[in-house]
Each structure stands twice: as structure tokens, then as C-alpha cells.
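The structure appears below as C-alpha cells.
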Amino acid sequence: MDQSVQSESKFAVEAGRSATSAEQPSKVIELEAVSVRFGQGRSGTTALGETTLDVRKGEFISFVGPSGCGKSTILRLVSGLVRPTNGVVVVGGREVGVKALRIGMAFQNASMMPWLTVERNVMLPLKIVPPFRADYRRKRKGEFRDRVRALLAQVGLSDFADHFPWQLSGGMLQRANLCRALVHDPQLLLLDEPFGALDQFTREELWGTLQALWLDKRPTVLLVTHDLREAAYLGSRICVMSARPGRIISDTPVPFAYPRTLETTYEPEFIALGKRMRELIVPVQTSGGSA
Amino acid sequence: MDQSVQSESKFAVEAGRSATSAEQPSKVIELEAVSVRFGQGRSGTTALGETTLDVRKGEFISFVGPSGCGKSTILRLVSGLVRPTNGVVVVGGREVGVKALRIGMAFQNASMMPWLTVERNVMLPLKIVPPFRADYRRKRKGEFRDRVRALLAQVGLSDFADHFPWQLSGGMLQRANLCRALVHDPQLLLLDEPFGALDQFTREELWGTLQALWLDKRPTVLLVTHDLREAAYLGSRICVMSARPGRIISDTPVPFAYPRTLETTYEPEFIALGKRMRELIVPVQTSGGSA
Amino acid sequence: MARITRVLSATAVILGFFGAWELLCRLLHVSDLVLPLPSQILVTLIERFPDLWPHLIQTIASTLAGFTFGVLAGVVIGVMVGSSRLAYDTLYPLLIGFSSVPKVAIIPIFVIWFGAGTIPAILTALSLSIFPVVVNVATGISTSEPELEDVLRALGASRRDILWNVALPRTLPYLFASLKVAITVAFIGSITSETIASNYGIGTVMMVASANFDVALLFAGLALISITGIALYGLFSFAEARFTGWATRKSAVA
Amino acid sequence: MARITRVLSATAVILGFFGAWELLCRLLHVSDLVLPLPSQILVTLIERFPDLWPHLIQTIASTLAGFTFGVLAGVVIGVMVGSSRLAYDTLYPLLIGFSSVPKVAIIPIFVIWFGAGTIPAILTALSLSIFPVVVNVATGISTSEPELEDVLRALGASRRDILWNVALPRTLPYLFASLKVAITVAFIGSITSETIASNYGIGTVMMVASANFDVALLFAGLALISITGIALYGLFSFAEARFTGWATRKSAVA
Amino acid sequence: AEPVKIRFILDWKAQGPGAWFYVARDKGYFAAEGLDVTIDQGDGSAAAVSHIMTGAYDAGFGDINAVIQNAAQRQGEQPLMVYMLYNRAPYALIVKADGPIKTLKDMEGHTLAAPAGSATERMFKPLALKNGVDAGKVKVLNAAPNLIEQLLVNGQADAIAQFAPTSYMNFLAMKKSPETDFRWFFYSENGLDLYSNGILVSQKLLKENPEAVRGLVKALNRAILEVAADPDEGIATLKKVEPLTNVDLEKQRLVYTVNQQLRTDEVARLGLGDLDDGRLQAAIKTVADAYALPRTPAMDEVFSRAFLPSKADRILPPAH
């Protein structure tokens, strides 16, 4: 642990401290010199270079970086789906594996169960995660159903609750996926390009929805996106990653007050931030090849 | 046919004529009062409202519109995967079904065959489409392999040719998907959000690649995107669609000369065009709900 | 309309098959000891149906009893084998060893242990129907899509949760594919057992007919068994279509 | 390391099973006419192995011959049934009817037509192995993922192209799952046929042993059959793992 | 000349009493007659008759009573017996010595286990008729031939109908005493004086190649006499054919068969292979009555002594 604090890049420490998390000092996520390799020997791939990261309760961290750099891998590490090849991952004070927190995760591809309707797919976390699971049998046709319907309505899928996943368009699946990540009031929210297949306007609308929700319940959020505007609009911190094997090369607080509006994105400071981020990445791009 | 010309919206005719296609008058695609419904009776969904569209040889049409409005459905219609419930679809002078043209298509989800390596997946069209298929057995380990490798290198996937799809990240799959759509020099290119899961920089780089390719071989291209900047940067025409059941509510030529560069996107005229498009869609959004 | 032509063309092909059989036998003057005529079989079947019927009922009852227990056991073992390394390494070889023993060699042992009659028939049906269920369920479970499992694992789901919510539903098409096979082999099993030692059931009828070279009755029994087999199979195909429709979905329009 | 403990624990469980059998038999003084001791079976097996061996070879040869033709026929019929409505409507019922007939009832007919010996054994193996292959191949083909087919259809691929490039590869896991079953039932089939009419083969041995009340030899034969069955099954499991690895892939790390 | 191919089906598996067939083959007796005989193991002495009728086999070893039945029902298709071997039918009804059945009459209300369609089962009806037993009151349990003795010992059947040598050896194998543990009712001693298995040839072979039939009979006669004189040699041949043969058991079975089925006064009088016309006539009538056959076949439809070697060559050696 001490080790980890020492090895944190100064930049990250600064950023972390100065951001919104100042008033909530408890660490929710600690990655200590973590790296991930898939496969063995020379044929293996380093999916994530040595990475150290601290997240405090209630922070909203956006990850941006080139394709294949390990963004999804970080989320999978935190959710316990991938174990680190080196280093330690601590979530909610415990080593990953034991779930100390209620986690909600939206995967990059929607991964809906093809045998369940959209409603049942979204309801799945309520069936699994305590304390909801205890009431599942009793409430699935009542309270839980209403809860799911309300969420679906919020993303414009009211009419599709009883459809099967293959009857939906790509963007609709993404929205259902987002609902599934949110339905059980997670304390830690992991979103992997949740707005990927959406048009800009639905997208901007959902930014508002997500921000309102975050401000209301204050879950800790890790968001992977490839849209710098999105990263800055939503995040309290932005982590920029280098090309594969990815590392966090910049960890910057976003200094705008919440709630932010679309107007905020036109403020000169906001545009300047975007420009700065961009410059951080572009040399990375050229040096690291197109991937 | 006469019927169709008559029933074309004035706007579409104007747009079509005034665009880059003026020097290539042959119609490649004609949708005549086409609509698509899935399922029967009251439980069915109208995926595409009555739509009429003419595309001339060598045009580059961008489709934008809210999620679930039927963009993918249009591409599926043109490729013959979905048959119209009403109306007629003519591609390359023939009713869809008989393939009069070499078509390349990138699906919204990458749809890679899980049992083939990336290289073999990308090579698939060469195995299927004449005239390549005749030489497939002879050339798959020589000329075709080199061709595929060259394409993969262009999108930064050189190292992953021998990997299986499940070993790739979401963005990498998208890039492989794009290669598969291009590998057989298609005369008609159907791209369904081909840059969806990519970061902005890889994305902008690939815009350049795609544009260069288009200028070189001049295939007819239909591109679905939810990024207005992308639509305007690449397209010779932009079709804006309304919310479900979608119709084309605007069909506008993009007046900038090719080759366009990233600088073009900062020109005031370009920004003004984006703003106009946006205004076209935003009322649609609010009137049609968030979907 | 399309349905009607489907039924008609299928009927035509099947009738054609039997017509060709009848015709060839008549043209080549095949002895009815070697291959009786379909018409002859039909007549025998109809004439003796009142005698055959109670035997058939008995056999179906044994089959269903054995099948039910066999499928239950098969699902449990299949889940164990598909999800646990140790179960795979131990149960599987034992089960395969047991399954690769022909039932004609096992049934006498059942008879010695439990007496002739219904119990060996049920046991044989049971032991035959276990195997296809185990293989398919285990295959379904072990080939499940990791992405879907990840959705639950990320929620902190237990192995049991994953089993119930991903592995089992995903295994349903495999399970139902195996049920069709299992009911068929269970039926075969109980008949086989009856042919070895029993005084009731369609298997007994077959044994007596074949020992007496009553070829027409033998084929009538075969026809009855086939028809019943098709009916049982059809039943489980219907159940399959009903419950695993999502796996065979086809675009409604294209 | 992990591999070694796996093998050890599996061996332990299996040895435990036989140990318990031996112990129970000795404690309860079970007559060796009812159930011989594993040790006794082992001794018999080893002593008489040189005599049993040529019989086993004969049976395996018949099994493989029948299996090969059965699988070929099964794949062809399975593809037809899985992709053509008419084939489904006509071939399937005929095939199910044929398959639901117990082979003990069919083998005498084979014997009538072809005499006793190798041919009925091969035919029985063949007819038994067709069915699981057809069912699984047809299931695999008809449940194929529409998205993957669309990729080819958009390229103007013919039905044959789609078959070769999507439907068949996707069906491989199903096919291999069925091969394991098919080889097992083919083996059973040839043995069964040999017990009914043959001069040679392990089935004949079983028949002779049981006719002579040589219970130890009977069980030694059963053991040999089981071991061979496991070996054949193992072979095809290995082939399955080898060729359809993509369907059972697991994350290397997680 | 090209040897004549003959497919020959046995009544049962390769056991002691089948040794002579293999001796005839392996010592070249068939070849000496210009025959190329393939021997297949069979699945019942009645089934052997049917197998020849379907044309799958040219000759075989089977039951004359089944020939009688088929001659009545399918006139002209039945095989012809050209050499009677089991002069005394081995049919027996066996019950436990300490069981409830003391006389045949006690069978009523009890269960009789027998292989389906076996000669012993078929001939139970005539036996019942002769002994005033109501066959309808006897419950028949059909089972595979190898299970029959088990069913009696385990008490699932009160009586079994079997070939005596088969049961005798099986009881020995089960470590029971055939004589003291069981009560035997031989059909032959209870008013049913029947013949049973002999060498059969198909009508086709008979018509197309009578010389081959003569050669077949000659070769087999030679082998049978030889094996009867020296059972050990016969069993040795059997052991070569089927290495798994249990030499002691099969020898006992062979000797038992020779002494019980072959060695009769009639054989001493007529020589092996021949039979008494009066006895056959009576047997035909018995079978025809018991089965209410549509007609009573004539003797020459069933048996022919035309192919037998001279009597001097058919004298069974004395017992030792």
C-alpha cells in the first residue's frame, strides 16, 4: 500500500487530490503497479502496461486512449473479471474477487441474453445482487418491473420492453445495456463506451440523464469513451492512456462545477481543456503507430 | 421507374443533381417508395417509413439520424438482406437479389467468424466474390494474403492477423471489419458505423484512408454514422432521417471539394453546415421522443 | 397455403417410398419371409392391433418412467461434468464405460438382480437415456459464451447464479436436442429389455414373432414401434421448438 | 503440477469406486454368479487377454467401418434436413421411424438378408451412428447465427457458400459432440449384432460366455468393452477439443 | 472342379456338440467331397430352419419338428432333413427338486420360462396335451436362452423348458447338482416320443446339386463318428476354432449329448442318421394335432434317407 502511494505518478496524486474527491477522502479503488498479459511467452499480448491508480469515493473518472490500449481491461480488472498478472487491485477495501461493493457494468458490446426479453435482461442484476435478490421472486412482477420500465422509458425504449434483443437496433441495445448497469443502484459504475452506437443527440440527452443520476446517488464511476467532449463533460477526472501496452500518461482533474450543461462545452476553458488533452494524445498516436 | 422519379421529393432530386454525381449520371441505387415492417399485425415494428432515394455512380452518401430510425435497415435493403414490405429496390439496374455489383459491407457489430483468424476473416470476400473466388485456392497463401496484410497494416492490425476475433478489443474488431468490407475492391460500399468503437484520432486517420481509397477507385458508398462531422467530412451528400419509423427528411449535397482535410472541418462554411444539419435533427428529436 | 403444399409434398414423397417398396417386391417376387409387402404389413397391423395395443401401452409406460429419471440424472450429471473438472475426470469415464457396454449384455444382469419384466425395462430405458443428455448438457455448459457469463460475474454472481442464469438457458437447445435422442433410445431400451426377458410389452411380441418367423407380424410390430417412435420424437421436437425458439429465430421478412 | 493433481484425484476416485465394489462384495458374500469381484475380473481379463484380443480387433474393425459410413451419411442427411424444408418433412420422419426401432429387432432381419457375420455388425453400427449425427448436424445448421450468414449473403454468396463457410464450421461443435455419441453407439451396435449372429468378435464371446455361465469371462468381456468404449470416446473427445477449440475457449488468465 | 460353396448354419453357438462340424471342415472332409462349407453359429434350432427357408443358408443343423410345421404351412419351401442326429429329443421340463411341482399336472397355475420360439417351448403344448395338462393355465415367461436357468434358480419361474444338455451343464456351472437339486421331466419319457435336430438342406441345393448333399452327409457322418469315438480330439478342434472354449465343460456337454441324444436302441438298430418311419409318422401327427396344422405333411416332405451312406458306415462306437 505504502509502496503504491510512493509509486503513484506525482501528476496523478495532484489530480486526485485537487478534484471533486477532496471532500470524500476514502479510496474506493486502488490499482498498485498492475499489469495484465494475455497468453504465455512470445505469443502473448500485454493488454495493460504497469498502471497505478487511486479512485476516491464518488469520483467520476473518464478514460480516453487509442483503441486496444487496455481501457476495457482496466474495467475488467476492477470488476474482477480479469486478474492482474502483476500488482494488486483493491476495490472497496478488499482484494478483488470478494464483492465489497455493488457494481454495475455496461460492456462495450451489449451482451444481452438472447433468451430473455429486454425487460428481463435489464432486470437481471436485481435477480443477482443483494439486497434485491432476496425480494426478486416477490417483486419481479411489481415493483421491480416498474423500476425497469421507468428506466427504459428514460432512454426511450418503453415500447421495446417485451422485445427480444435481436429485434433491436444497435443503439437500442446500447441503451438497454446502460439500463442494466444502472438498475440496481450500483455504488461503483463501470461504463465501457456506453454511448458508442448512439447518435449525437440521443447521446447528449443521455449525458444529462447520467449526470443527474450521478449527482443524485453519487456512485463512483469509471467511464471509457473515445469522445473527448464526453470525457470532459461528464468526468471529474480524465485519464489519458498511451497506445498498447497502455499506461496512464495523464491524469487531469476537470475543473468545471457540476451540474454541467451543453453550454459548458462551448466555454473557452472547456475547449482549451479538450485541446490540451488532444495534444497529449496526438504525439502518442504518431509515436505509437495508428493503433 | 417513371413513377419513382415523380415520387422523389423535390429536395432529393435537387440534392442529387447538384452533387458530385453530375458527371456520372447512371443510377446505381433506386429505392422507390420503399418501406419495411418486421413482424405481423399490431405487434410488428415499422423499421423504415416510405422512403425514396436515388444514388448515382460514385456518390458518397452519409446517413445520420436517431437510433432505431432504420439506417441499418436501408443498408440491409440495398445489400438484399432485407426485402421491402412495399416498394421496389433496384441496385445496379436489377432488382435486388441478383448481385449485379460487387458489394462490400461492414456491419454495425463486427460479426467475425469466431473460428477463423482475423486474416482469414478479412479474406472471406475473396473466397466468395467473383472474379476473386476462381483464384482463391491458388492465391490465398500468396497474393491474397499480401493484399489482406497490407490492408490490416493500414489500419494498424499487422500484429493481429493470426489472432482470433475474441482476442481483439472492440475497436480492433471494427477495423478488421472495415478491412473485410474493402478487401475485394467493391463497386458499392455499405458501411454501418464503421468507426463506432474507435477513438477520435484513429478515427480521423481512417477518414483519410477511406477518402483516399474512395477518390482512387470511386466506389459508390453508403455510410451510416452518428457523427455529423464525419458525415460531412466524407459524404458528397448527407441524408438526415427522422425518428422511427424513419424517413429521409433532408437530402443535402456537401459543397466542399475533395480531397478534404481536417482543416476543412474548421472552415466556417463547414461549421455552418453542421449547425444546419443539427437544427434539422434537434426538432425531430424533441418531437419524436428520445428514440 | 405454403403449409398445405408442404404437408402434401412430404406425404407424396413418403407414400412414394412405400409405393416403390410394394412395387419392387411384387416385380421381383420377393418372398414374404425376406421382406413382406407394405400392404401385407398394414393388413396385419390393423387386424392384430387390438392384441398389440395393450403391449404398446405397457412399453410406453416403462419408457416414460425410465426416460424421466434418466433425464433428471442426465441433467444433474451433465451439469456436474460440464462445470467441474473433477467430475469430468471421474464421472465421465465411468459413464462412458458404462454406456459403451451394449445393453444386451447388461439387461441379463438386470434380470438376474431384479427379475424379469418391468423393472429391467425401466432401468434399461433410464441407463440409455442418461448418456445423450449428459453429453449434450455438458457440451452446452462448457461451450457457453464467456461474454454472457461476464455480465453476471461482474455483478458478483456465484457459480450457481451463473449456472441458472446463463449456462442452463444457453444449454437448453442442446438439452432439447438431446431429449429427442434420449426418448428414442429409452424407447429402444425398454423394447430391447422386453425382448430379453418379459412376458408383456411390444418387445415380447417382437421376440415371439421373430422366433416364430412370423415376418408379417414382426414388420407390423416394427411399423407400430416406428410410428410410436416418431410420435415421441415429434412431441419432444415440438417442445424444443416451443422453448428454444430464440435459437432458431429467423428474420420474419428476409 | 495442476495436471498431476488432476490425474491423481481422478484416479483416486475411480480406484475408490472399484475398491468399494470389492469390499462390499466380500463383506456381503455376494455370489460370483451374481456379481464377481473386480480382482477376479481383472485376473480373468489378463489371463484370457490373448484369446480375447483378436475378437476385439474384429469388433473394432466392424465398428469403424460402420461408423465411417454412418457419419458420412449422417452429415449429408443432417445438412439436408437442417437446410431443406422438404428433406426435413420427409427424411426426418423416415429416419426417426427407422431409428426408434430397436436394433435387436432389426438385426435378425439383417441376418435374414445377409447371413450371420460381419455385414450385419457393420450395418448395425452404421444405422446406429447415423441418428445422433443427423440430429446434431441438423440442429447446428438450423440454429446458425443469422448475423454471420448475413455477412456472406451480403456478398452474394450462394446457399452452398453459406453452408461451407458459416453453417458447417458453426456446426462443428455439434458434429463433434455427436461423433462421441456415434462411435459409442456404433460400438454397441456391432457388439449387439455379434451377440445375435456371428462367429467372431467380442459380442460372440459375450454370448458364448453367458451361454456357458462363465460369469468371470462375461465381466472380463464387459470390462474390455468398457475400456475400449472409453478409449474410442476419448479419441473423439480429443479430436473435438483439437478442432473446435474456439467454442470452448476460456480466458487464459481469468 | 470348382468346389461347391455351401453356407451352413448351426443350431446354436460353437459348443461341444457342434465340434463335429468344425472337425469335418478342418480335417478336410468337406474338401474331399468337393465342398467349400462356411459354418456360421446359429440362434436356435427352429431358427436354423427359417434361415434356410429365406435363402440365406443352403444347409444347416436344426429341428425336424419345425420342418414339419413349415411343411404344413409353406408347402415346398421347407428344408429337407437328410440325416437325423438327435434320435432322442433332448427336450426337458425342469423344476426345483424341493419345489411345488411333483408331477406335470402340477404345472397348472405356475410359470414356465423358455426361450421364445424354442423347440422345447413349441413342444410343450403337445406334452401338455398328452399328459392332460391345461396348457392355457400355464403362464409362459419368454427370456433369452442364457437366462433360463437363472430364472428357475432365482425363483422367477417355477419350471423351465430347455434342451437337457444345456441346462445340465449350466447347473454344473452354477455349482448346483443337476441330479439332486432338480427334478427332470424328459418329454421323451412323458409320452412325447419325438425326434429333434438333424442335418437340413434347402430345396434349392437338393434340386440343383444332389451330389453335394450326398457329399455333405458323408463328410459329416464321418466327422460325427470320429468325434463320438474320440471326444477329446473334437474338443481340441473346437478349441482351435474358438480359443475361449472351456475344454472340460464342452467335453462333458459333448459326451452327455452323445450318450443321451445319439445313443439309443433305435440307432443301434438302424445306424446313425436314419430313423424309424412309424415313429416319425407318429411325431408328425402329434405336431400337426398340437398346432392344428392345416394339413399333415407326408413323411418324405420332411425326411429323406436317400443321401445316407451305407449302414455299415453309420455305426456309433460304443460308449467308454
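By written order: A, B, C, D and E. Residues from 1 in each chain.
Criterion: a contact is a pair of C-beta atoms (placed from the backbone, for glycine too) under 8 Å apart; a residue touches a chain by one contact, two chains touch by 3 or more.
Note that the structure is predicted; figures quoted are calculated from it, not measured.
Listing every chain that touches chain D and chain E alike gives C. Using the contact threshold fixed earlier, the set of chains in contact with both chain B and chain C is A, D. By number of C-beta pairs in contact, the leading pair of chains is C-D.
Chain centres here are Cα averages; for chain B and chain E they lie 85 Å apart.
The mean-CA centres of chain A and chain E are about 86 angstrom from one another, to the nearest whole unit. The distance from the centre of chain A to the centre of chain C, with each centre set as the mean of the Cα atoms, comes to 50 Å.
If you average the Cα atoms of chain C and of chain D, the two centres end up 15 Å apart. Residues of chain B in contact with two or more other chains: 38-39, 76, 81, 109, 166. Within chain D, the positions touching two or more other chains are listed as 108, 112-113, 146, 196, 210, 247, 249, 251. Shared contact sites, meaning residues of chain E that touch two or more other chains, fall at 50, 54, 146. Against chain E, in their complex, chain C makes its touches with residues 31, 33-34, 108, 111-112, 115-116, 196-199, 204, 207-208, 210-213.
On chain B, the positions that touch chain D within their shared complex are 76, 79-81, 99, 103-105, 107, 109, 111, 113-116, 124-125, 127-129, 164, 166, 180, 184, 190. Contact residues of chain E toward chain C in the complex are 44, 46-47, 50, 53-55, 77, 113, 115-118, 139-144, 146-147, 150-151, 154, 156. Contact residues of chain C toward chain A in the complex are 147-148, 150-157, 161, 165-166, 169-170, 172, 244, 246-247, 249. Of all the residues in chain D, the ones that touch chain C in their complex are 6-7, 9-10, 13-14, 17, 34, 85-86, 89-90, 93-94, 96-106, 108-109, 112-113, 131-132, 135-136, 139, 142-143, 146, 173-174, 177, 180-181, 184, 187-189, 191-192, 195-196, 203, 206, 210, 218, 221-222, 225-230, 232-233, 247-251.
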